[in-house]
Each structure stands twice: as structure tokens, then as C-alpha cells.
Amino acid sequence: MYCILLSIFFPILAGLFLLIRFRTPLAGEKKNEDRKKLLLLTGTFLVTTALLTAAALLTATERFTLFYLTETLPIYFKIDTTGTLFSLLAMIVVLCAGFFSFEYMKHEEREGRYYGFYLIVFGVLNALCFAGNLITFYLFFELLTLSSMPLVLHCGTKEAVMAGLKYLFYSLCGAYAGLFGIYFLYQYTDTLTFFHGSLYVTAIAEHGGFLLLIAFIMILGFGVKAGMFPMHAWLPTAHPVAPAPASALLSAMIVKAGVLAIIRVTHFFGDDFLQGTWVQTAWICLTLVTIFMGSLLAYREPILKKRLAYSTVSQLSYILFGLAVMNEEAYIGSVLQVLAHGFVKAALFLCAGAFIYKTGKTRVDELRGIGREMPLTLWCWTIASLGLIGIPPTGGFISKWYLAIGSLKSNIPVLGVLGPIILLVSALLTAGYLLPITVRGFFPGADYDRNPLEKKEPGKLMTVPILILTTLSVLIGLFPDSVAFIWH
Amino acid sequence: MIDGRRKFDICVAPSHKCSGIEVNMGPNLLANYGEAVSAILFCIGFTNLLLQTNLIKKIIGLNIMDSAIYLFLAEKGYIAGRVAPIVVDGVTSTEAYINPIPSGLVLTGIVVSVSVTALMLSLTIRLYTRYHTLDLDEISMQLKKEGR
Amino acid sequence: MNFVCNFPFFSILLSLFSGTICSVLPAKAAKIVNRVVIVVVGLLSATLLLYLISVGEPFIYWMGHFPAPWGNEIRAGILEAGMALFFCIIMYLSMAGGAHKLFDEVDESKHNLYYILVNLLLSSLLALVYTNDMFTAYVFVEINTISACGLIMIRQVGRTIEAAVRYMIMSLLGSGLLLFGLCIMYDLTGHLLMSNIKESVALLVASGEYQIPLIVSVALMCVGLCIKSALFPFHAWLPDAYGYSTVSSAAILSSLVSKGYIFLLIKIIYRVIGFNIFNNTRIIDVLFVFGLMGMIFGSTSAIRENDVRRMIAFSSVAQIGYIYMGFGMGTQAGMVASVYHILSHAATKSLLFIAAIGLTEVSGGSRKLVDLTGSGYRNKWAGVAFTAGSLSMVGIPLFSGFISKLLFAQAAVQVEGKMLASLIVLGISTILNAIYFMKTVIRLYTATGNSPYRGITFGKMKRYAITLIFFILLNILLGVSSQPIVDLIEQGLAMFS
Amino acid sequence: MIILVIIIPLITGILVPVIPFQKRWQKEVFLETAVVLNSILVWYLLLHHSTSTFLLAHFTGDLNISFRVDGVSMVFAGLVSALWPFATLYAFEYMTKEEHENVFFLFYTLTYGVTLGIALAANLLTMYFFYELLTLVTVPLVMHTLTREAVLASRKYLYYSLGGAAFAFLGLIMVIVYGTTTDFILGGVLDPAKINGKTNVLLLIYVMAFLGFGVKAAVCPFNSWLPQAGVAPTPVTALLHAVAVVKSGAFAIIRLTYFSFGTDFLKGTWAQDVVMAIVMFTIIYGCSRAVKETHIKRRLAYSTISNLSYILFGVVIMTPLGLAAALTHLVFHAVMKICSFFCAGAIMHQTDRHYVRELDGLGYKMPCVFGIFAISAFALMGVPGLAGFISKWNLAQAAVESENPLAWGGIACLLVSALLTAIYMLTIVVRAFFPGKDFDYAKVEGAKDPNWQMLVPLFVFTLFIIYFGLCSQPIVDFFSNVAIGNA
């Protein structure tokens, strides 16, 4: 119990401490000294939190109520397998991106604020993974939005602030749609605790149609955070302006909160209830549209981070597609995709961050010959890209394999077959938008002037996290069984 | 008014004219020519009093109106074949005389209307000395110009 | 016959003759005589009221001991006595409140003339209240008109004379119609005494003969009195007449004179035609509609007005609309509400006129609303009084206006077909009232900081201030302990029939 | 006893300009003592909870002015008396910059008594009486600055309120005529025997009366006075236009709906649909206007409009749960809104900035104020763990439970409004803390947090927001008991 609480509240309090302690910008003579102190503190906090989280995960079966908001609304935590997985992913991504920022954020102002909110986000993510009922989940879902917004708009340009607000309002909008559903669910169940299919049988009989509508609204609502069409527009706006590590965290983990939410919700309703209904059909349609559209937009996008953002939109809907299909294979595919995409996308964003940090180039066509300057980074990029495209033996291949199998196995007419086709097309597109960077980076062409190029490989603080993430993305493909246990 | 509630023997003309319901309007109208005339006169007077802008004409209208009412009263008070209630030759039967009260009312009314007319005339004189016109609209215009 | 029964006659006669006496007295003495007469008449009426309450039934007083169909009669019931008392109170307060202003407005040599007119007015009002004879009523209507006209034009400026002429013309039209209607009624029934006419009318209605002349006669009388009491749309004369005459005149005219006519109308309805017979005619619907229209149009005109006294005058049009709306409902409750509103409006409107004069005095004599800005600070008592009057007009509980609104609304609910119309108009009219009165009140208390006008202290206007206090108290008295008054009105109306 | 709590503020208020205070602090001490004393008295009264009726005066017939403590009045009186001492404390500091202090405190304190009068009224007439009085005593507060703007605003306020009262009056009449009594009895007092066949008329009048009282509660077509009245000094806008006055409107509607007409009569009729539609529209309308508005106080005023309609939404659900939810929001919103208003006031007082665009970068200079503002913003949005979430949760639950499709639509409105709330509140917070990269901090030089007199109320209210968010159970239980008539 204490481990769970500590893993949640320690980072939050630590973050608040940093916010207050370093509330003024670092400046003057003691700037370097102060910065060192800040980094030291942050690093300690991050590692401590990670350890605490690990400890919490080891006591996995624990469940407890912290306190009651009202008599019937407990703040309740429990650790289940899904939560464990998400929490592991969060821990790794947060750590990697965190250490990456130590270097990356060197030139930004108000680092104290950044790390403060970073830590808070860490705590909130943990809480989200450990949340045991809808209300607790909703609480931390909102907090996640609020605490991650400052990360998005950190660099403080007009664009960044607007993007931050856009992110905020989209997310809130989604969260409120979710809340709308929660209001009704509360009425038709004994408890909001996550069980499989906890609705009253009578309620299903009497209000079946309405409950389906509620389910759809909730999926749409939480889908906003997961970048599902038609509410995906915040992602391409928010990513380019955020600092790269923040983008990595956002894209790898925070959007997954939406996925987690949808997993929880669909479980809550129960597969039996949703299977074969119009909700499933509509949902699958939306995800397929998102997959295709995301890839297409990414393909046409010249700005690197924006391209990655669209890619996220597309890839996340793979996960959602798997969830929407609702059978074992598809579900495993989804979970694998969560992990694979998490590692890959974090790695890609960190690579992009490294490019930007070292060369200041943000557009894809400026990256010609980058392989000469930063070979290690570009290699990582390439491997991660392969993962995203789904080339064996990376994680991406396994997850997509399961997704396709699941889809074909399901008895959904038309869409069951259409799904894998779109997955394939999208994979091609993915290759089309990621690989050219590798190709041009290593082979800028005969006419390219290579003379000004020189080694610019970034420091260890940046390369090591990228390497770790890249490695993990491959490992997950090699040992998929380690996560396949989560069905049931 | 000798017996408690003696009605005059004929109906009132104007109402018949206005209503148009009565079938025997013609004979009634003819029989009640006195009332008809008084009603018409009343209307003339009323209209004059209301619509004329000249003060003197208004006052004349007032007098026509009042006179019409007196005519009406006098007409009502007279019953053909009877005489004024002054006992001269010892006839004391009430059937022989007319009711004296309408005539009394006429007299009272005349007094009232004379006094009112006098007041109106005096007011008119005041206005005339002040504004040198008898036209009420013009006086209003001048007042507006004075701005008070 | 108890000695008290002479009191109505005494009071009429007293005020009539004191008027004549005033003509030969110097101004100061005339003033004293006038005040004394009002007080004495008030006391007489009060005694009479007490007597009637104790006896519990009305009495008829034969003038010169001629019995019923021949003689002239006076009749007194609770309502009559109460009305007379109330008129005296209002008249006294109005005279007291406007006394200091009289020297500015009227040449001192004419002061005794002024008091003659006031006394005459009082006597004619009393006669209207007490008389049981239609023709007498007509004669006193004319006397009332003449004296009212005199009160208007006693201030010799062009505007008042013109207003007097206009007032005269409208009044004469009204009294002409009244007289004509009365003659037809006489023709139909052969009587002039109200009680006798009523019997005859009842027989006539029962027999079904002469229905149309009967209705014409009633309609003529109603229209005549409506014109005289300035019911919309016959109100054209009113703003000028109230707006430019001396302040006491305005207060008296608005609160008493028109009320005298209305009271006569009530008497005609109850005592001459019979309440039920009257309610079966279409006339009440007409009165109702014009009442409602008056409520709206009077107020909208008042909103547009930027002269404070004319504004108050227009507000009278609206208030008279209320009263006629009560008539138009055709129920006992509506009538009670109307009668109560007569009292309430009389108390409030005279208060407003008197308070307005205090405010204009400290604003350089200007009565434009713009100039009144901040005058509530310069003349505190008048400001408070004006506010109180306005609140009463708007219908804030504690003040009399609220009770009359309450009574009207309660009465309206009981009338099936007219309920919604009257309730909604009541609501709208309250809003309109709020708009122009509250606008003015806010203006009174908007300090401009550097006003060119000097303020006035309590010491310099003791009498005036005390008058105002009495007015406010009267208003609150009507508002707080309305139950006994309403009971009295109900008893009085019961005595009518 | 019960009349005492109404009279003490009235007398205190009148004494303020009369007593010749030598020093300012004497006046402050005098006022604060009186107000605190009165609040203690109110709480004593509420906790002792005697249900006897105190009759002050007879009007006509069975109409009288009388007072009684029942559940709903406990809620409102308790709320008002709890907030007033803080607001007074805050006003002392704020009013140092304004003129005509005496007049201000005169009416400010009078308002206290009158508001308690509304809360403790035992029948509709008494409530109506104090309702009208409330209008009158607050008008001078609105026109306090005597600028042209203030005068126009107070005029508008007056017209609207009195006009509304005129229509509310019709409701009063209906209750007098068709009810058995005008006293407040949970479940309504209408006499079915008297109604027969007049149901529709009564419903129409109910809607009118609802709108009439709704004027004070700023229901949609009649809300434009509220933002305009924001010209008044901030303690007034905070306390009166976020709590006392506008809540009186809501409170009056509660009385009218639950205690006079009765929910049995109204529930499921077209009248319910109409008023609910109006309320839902207002919720959205208020928020949208708030988003467009750039003046801080006016923005908050529009927010108030929307939030008041939350309360009314609870009311028009017309179930005990709805009433409980409405009461919850009545109290919680009061705390949240007064908190945010005081922040706005502190900002204006300290920096003399009135528009949202001028707030850039102030967050670092006034961390306390903006921190608290952020918390109140989160609370208004309905972030779980803060007061706003609980009341919204209750409202939504009541709506769901009522099985009324329109009410379900209302939940959607609540959430849309929550989103809009986030937009208009958080843009302020974001501006203050994230002014942009090139922001010149010299512009906010000199701005700093206000002194303790202003900060103490702020902190206390913040604590309440959090406390209500976390431990709402006892108070919500109490409201539920009130709503079923058990308190």
C-alpha cells in the first residue's frame, strides 16, 4: 500500500517542491551551480520514483481504498496486469526521456518548472495505471491533462501556448465526454470498480440502446486523448512545439492514457455487450479511417516532428483497432503494440530531438547527410523505424501480426478483412515516410556537398536513452510471450 | 312627479335610431321628433365643443349641447293636453297637469350652463389678451415657443 | 334620528359657506379658516364613521324633511364617511405641503380667492360623496369642475390658462354626456333619487322593456365620468393641468378631484344601476380594456417625459387605469381593490407631487429631470419622500401600492376570462412604473459633486418636512394595516346595495 | 431571537454613518464585531434548530410576515453568515481606495440582514418582501462609484429586479388563491380541490414566476444586468453578485418550486420542460459569453450566470436528489466563486488591471493570488478532489436518476459548460504563468501579493474548496436530509 502511495505521491510532492524551490528562472553567477543542484535533485527523484514504482509492482496483488470522496465514490487503487504493463512502459519512457532532457533542456529557460511538472506527470501516470475504479481513473486522467499541459507549452512561444491550450481543451473535452458516461454507468452498476462487465443485467435489458450510446460516447471521449479521428487535431499541433523529450513522453505514454481508458471502459461494459453492435462497427470504422488518414498525412508532412505526430495518430489507432475487434489475438496484438509503439515512438522522438538539438534542422529535407554527422543516432532511428513499419523481428511485426490474425479470426463482415488490408497499406506508407530519412541521411546523393559535415554525435545523456529504447523495441519483438500472458 | 314611477308615454328616439333593431322605427322617429331633434343638436354641440379650434365657437358648441339637453327635458316634461301645474280653476286632479320637475331641472341646468359659459368666456378673454388669438392650437404653438 | 346624522349635511354646508366667508377675509385669515374647516370636517367625518361602524347600517337624511320620491336626500354609509375623512386628510396634508410654495406661485392678493376655491372644492367633493340625488350630483360635478378649473388657473401663466381651458372643455364634454345620460335615465324611470331609480331599473330589467335606452343611458353616464376622471384615451388635458398648476392644486386635483368622479361612478354602479345589472352589460368589458390600455400607455408616456411633474401626472393616467381595470373585472373583489386603490393612489400621488416640489426648489426651480440630479442630497426629506412614494408606486411591500397590487391580482385570479390579461398587464405595468420612478430616484441620488444649487436644511422647512413625514406614515399605515381598511371597504360596499 | 439576527445588521448598518468614528480602525472593529456576532448568533440559532414560527406582523387576512428555521433556510442562512465576516474583512482593505465608505458599509451591512430575512422567511409573502428589499438595499452598492456606467448599471439592475419581482408576484398570488396557506411546506401547498381544470394557467404562472425570480438568478433572457453590475466595488460583486443576491434568486426558486407549488404538481408537465430548457440554455449561454468577455470581473459574472443555472438545473429536476444537488452547488459555488472574485479583486486592487490581456506574467509576481485563482478555476471546471466535482457529480446523478431525457441532455450541457469553463478560466491562469517567451517582465514590476486582510479570506476559501472536495460526505448527507424534509 505504501509503495503504491509513495510511487504516486512522492513524485507529485517532489515536483511541487521543485516548482516552488526553482520558481524563478536560473540566472546570474550561480546559474551553473543551481542547475547542477536541480539536475541532481531531479535525477534522484526520478530514480527514487522508479524504484518505488518497481517496488509497488512487486507487491502486485495489493488493492486498497485511499479514502471516500463521497460515501459511494472511493478513491481506490489496485494493480492488475494491464496496469503493470502500462506502468512499466511509463517508468522506462519517463526515465529515458528524463535523462535525455538533462542535456536537451540545457538552453531552455525555467528548467525548474519543466522538471517539476515532469515529476508530477510521472506520479500521475503511475496513479493512472494503478487506479482501481472509474472515478479514481477519471481524477488522474484530468490531472494528467492539467499537469502535462505546461510541458507542451514549455518553450513559451505564442504558438506553443496556443498549442498547449488546444491540447488542454481537446483533452478536457474528451474527458468530459467520458465523465458523461460515468454519470450514467454509476446509475446502472453497483460499483465503478473495474470488473469485467459490471453492468446490471436489468439495466442492459431496459436501457440497452441507450447504454450503447453511452459506450460510444465514452470511447469517442477517451479516444480524443488517443488521437482517434475525428478529434486527433491536437496531436500534430502539440508535438512540434513541445520540447523533444516532452513530445516523446506525450507520444509514447500520455496518449496511451487514452488507450488505457478505453481498455478499462470496454472491459467495464464487457465484450459480450459490445460485440456485434453498431458501436463496434462504428468504432472499427473510425480506427481504420484514422490509421489510413494518419499515415497519409504523415507521408505528406515535411516537418519532422509533425510527421512523427501524424504517425502517432495512425499507430495509436492500430491499438484501438485491436481493442475494437475484441478477441484474444487482437487484444494481445494491441497490448504488444502499446509497448512496441511506446518504445519506438519515444526513441524516434528522442532521435528527432537529438537532430534538432545538434543541428537545429526541423524539416525532413534538411536532414540529408545526417548519417555522416550523427551515425549512431541515425542507426537507432533506422532500427526504430523498422519496428514501426513492422519488419521482423521487431516488436512492431509481432503486434501487427496478432492484430491481423485477430481481425481475420473475428466474424466481423467486411471490416474483418478490410482491417488487415488497411494495416498493410498503412505499413507501406509508414515505410514511405520513415525510411527516406535513413536513406538520405546515409546516402545524400552524389551531388551532395559532404565537406561541411562533421561528427556531431550528442553526449551520452542523450544517446544512452535512445539506445535503451531502441534495444527494448527489438527485444519486445524477440520475446513477445513475456507479455502475451495478459489475456484473462 | 305625482305617482311614484310614472313613465313618460313614449320611448326615446335616439336609441332607436342608433340601434336599428326596432322594426317600427319610422313611426317612432316621427312620434319622437322632439327627442330626435334634441339628440341631433346634442351631437352638433358636442362635435363643435370637441373639434372646433376657435374658442368662441367651442363655447357656442357648448351652449348648443346644453340647450339640446334642455330641449330634451322640456320635451319629456310636456304631455299633450295638460297644463302647467298651477291651480287656477280649482282642478286638483293630477291628470290635468304636467310634472313640474323637468321644467325645474331645465332652469337649474340653465343656471349651471350660464355660469360655466361665463367662466369659459373669461378664460377666453385672458387667453386673447395674452396671445391675441382665439385659436387654441395656435396658443399651444406659442406656448411651446415660450418653452415653459 | 341621531344628531350625528346631521354631520354630512353640516360638513357640506360648512365648507360651502366658509368659502363664501373667505372672500372677504384677508389672506392669512382665509388660510386659517380653510385649515380649520378642513380639520372640522375631518373630525365630523371621523365621528360619523365611528358612529356608522357602531350602528352597522347606513342612514338616509332627508333634506328639509321631504320624504322619498320628492325630497332631496343625503345618504351616509361607512364608505362615504370613510371617503370623506380620507379626502379631508389628504386635502389638509396637500394644503400644508404646498403652503410655502403658494407665495411664489400666486399673487398674495389672490390668496383668499384660492382658499375660496379649495373650500368650494371640498364642499362639492363632500356633496358628491354623500348625495343620494342624481341631479344634485350633476350640479356638484359642475361646481367641482369650476372650482378645479379655478385652482388650475389661479397661477396666472399662459400655460395654466391654456391647461384650464383644455380641462374645462374636456370636463364640459364629460358633464354634458353625464347630464344627457341622466336625463334619459330620468325619462326611463321617472326618478332622480338613486334608491328609487334602482328599484325602477330592476323592474325594467326584469320586464325586458327599454333595454337599449337603459344601456345607452348607463353608457353615457359612464363615458362622461370616464372623461372627467381622465381615463385613457381621454387624458389629454391631464398632464398640463397637473403639471403647471400650483403644487397643492396638482396634489389635490390628482388625488381628489378625479377620485370624486370615480366615487360617483361607483355610486352610480351600485346605487343607481345595481351591481349585477351593470356587470351584465358589455360596458365593463370596455372599461376593462381601456383600463388596461391606460395602464400601459400612461406609463409609456411617463417614461418618455423629462419633466418630473408631467411624469407624475402621466403616472396618474396609469393609476386610473388600474382603478378602471378593477371595475372592469365585475366582481366584488375587483371593486374592493379599486376602492382601495383610490385611497392608496390618492395618498401616494399627492405625496409625490409635494415631494417633487421640494426637489425642484433646490434645483433652481427647474423641473427637468436632468436638473434634479443629486437633489436627493440637497433636500433630504423630499428625496426620502419621493423615494417612498416611488416605492409605493412600484409596489414594494410595506407601502400601500403593494396591497392594492395584491388585491387587484387576487381579484383578477377569480375572474376566469380576464385573469391572464390583467395579470400580465399588471406585471408589465409594474415594470414600466419601476422604470420611470426608479430612474428618477436613482437620478436624485446621483451626486454630481459640484452642483450649482444650494441644499436646504430641515430647520428651514420644518412644516414641509413634517407634512412629508405624515404622508409617508399614511402610506405605510395603508400598507401595513390594510386589513381593517379592506374590511371597512367591504362593509361599505355591502351597505351600498 | 430569530428576528434579532435580521435586526442587528440593520441597526449596525444604520449606526455606521451616525456614530462619529474618530479613526478608521474603530469603525472596522465595530463593524466586524457586529457582523461576527451576528454570524455566531445565526449559527447558534441554526444549530439549536427550533422550528417554531416567529410572527412579526399581520398584513391582510392570513398574510403575515413571519420567520422560521427549516432545512433549506439553514443551508442558505448558514452559508451567508459564514461568508459575510470574511467578505467584510476583505472589504475593509478594498475600500481604502474608494470614497463614501460610510454609505457603502451602511448598505453592505443592511444587505446582510435582508439576505438573512430571505433565508429565514417562513412564508412566500415574507420572502417576497425581503426579496424586494434586497433589490433596494443593493442598488446603492451597485451605483457606489457614481460614474455614468455605474448609474446605468444600477438602473438596469433595478428595472430587471423589480420587473422580475412583478412577475414573481403573480406566483405569490396564485399560491394565495389556490393554496391552502402561503407558508413553506415541503411538497407544496396547492389545494387540488381549488385547482381543478386550471392546471395550465397555474403552470403558466409558475413559469412566469420562475422567470421572475429567475431575474435575480440571471436566467437567460434576463441576465444582462449581472455583468453590468460588475462596476460595483469588488466586495460587492464577490459577495452579492456571486452569492447573496443571485443565490437569493435561486433560493426563491427553490422555495417556489418545492415549497409552494410543489414538485408533485409540476413534475412531468410542460412547465418543467420549459424551465429546464431555459436553464440548460442559460448554462451554455453564460459560459459562451464568458469565453468572449475580456474584462475579468465581467467574465466571472458570466461564469456566475452559468453556474447559477447549474443550481436551477438541480432545482428543476424536481426530485429530492435534485434539490440536494442544487443545495450542494448553491453552497459550493458560493465558496468557489467568491474565492475567484476575491482573486480578481486582489488583482485589480494591487495592479489596477481589469482586462484579461493585461494579466500576462503576473503569476510569478503574485503567486498566492494566482495559485488560488488556479485552484478555484480547477474547482469550477470540476476537477475531482475539489468542491466543484462533487456538486456536479450530484447534479448529474440527480439528472440520471430522474429518468427524464431532457435532464440527460442537461448533463451534456453541464459538461459542455465545464469545457467552456476550462477555456475561460484557464486562459487567465495560462496567461499569468506562461506569458510567452519574449515577455518583458519589467511590465509587471512592482506587482505583489496583497496584505493579510485580503489573503486570509482567500486562503480560508481555498481550504474550504479542498475540504468540500475531499470530505463532502457529511455536508451532502445533510443536504439530502434537508431535501427530503428530515432536517
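By letter and in written order, the chains are A, B, C and D; residue numbering begins at 1 in each of them.
What we mean here is this: a contact is a pair of C-beta atoms (placed from the backbone, for glycine too) under 8 Å apart; a residue touches a chain by one contact, two chains touch by 3 or more.
Keep in mind that what you see is a predicted model, and the values were worked out from it rather than measured.
Central chain assignment: D. Criterion: smallest distance from chain C-alpha mean to the mean of all protein C-alpha atoms. Of all chains, the one whose mean C-alpha position sits at the greatest distance from that of subunit D is B. When the C-beta contacts at C-D and at B-C are tallied, the pair with the greater total is B-C.
Subunit C and subunit D, compared by their mean Cα positions, are separated by 43 Å.
Between subunit B and subunit C the centroid-to-centroid distance comes to 28 Å (mean Cα coordinates, whole Å). Averaged C-alpha coordinates give centres for subunit A and subunit B that are 102 Å from one another. Annotation: 68 Å between the Cα-based centres of subunit B and subunit D.
Within subunit B, no positions touching two or more other chains are listed. The set of subunit D residues touching two or more other chains is empty. Multi-chain contact residues, meaning those touching two or more other chains, do not occur anywhere in subunit C.
Chains touching one another form the pairs A-D, B-C, C-D. Residues of subunit C touching subunit D in their complex: 391, 394-398, 403, 405-406, 409-410, 412-414, 419-420, 423, 426-428, 430-431, 434-435, 438-439, 442-443, 445-447, 480-483, 486. Per the touch definition, subunit D reaches subunit C in the complex via residues 57-61, 63, 125, 128-129, 132-133, 136, 139-140, 143, 146, 151, 154-155, 158-159, 162-163, 165-167, 169-170, 173-174, 176-178, 201, 204-205, 208, 212.
Taken in their complex, subunit A has these residues touching subunit D: 23-24, 67-71, 73, 109, 135, 138-139, 142-143, 146, 149-150, 153, 155-158, 161, 164-165, 168-169, 172-173, 176-177, 179-180, 183-184, 186-187. Put simply, subunit D touches subunit A in their complex at residues 364, 367, 378, 381-385, 389-390, 393, 396-397, 399-401, 408, 411-412, 415-416, 418-419, 422-423, 426-427, 430, 433-437, 439, 469-470, 472-473, 476-477. Note for the complex: subunit B touches subunit C at residues 1, 4-8, 11-12, 14-16, 18-19, 21, 42, 45-46, 49-50, 55, 58, 62, 65-66, 69, 72-73, 76, 101-102, 105, 108-109, 112, 115-116, 119-120, 123-124, 126-127, 130-131, 136, 139-140, 142-143, 146, 148.
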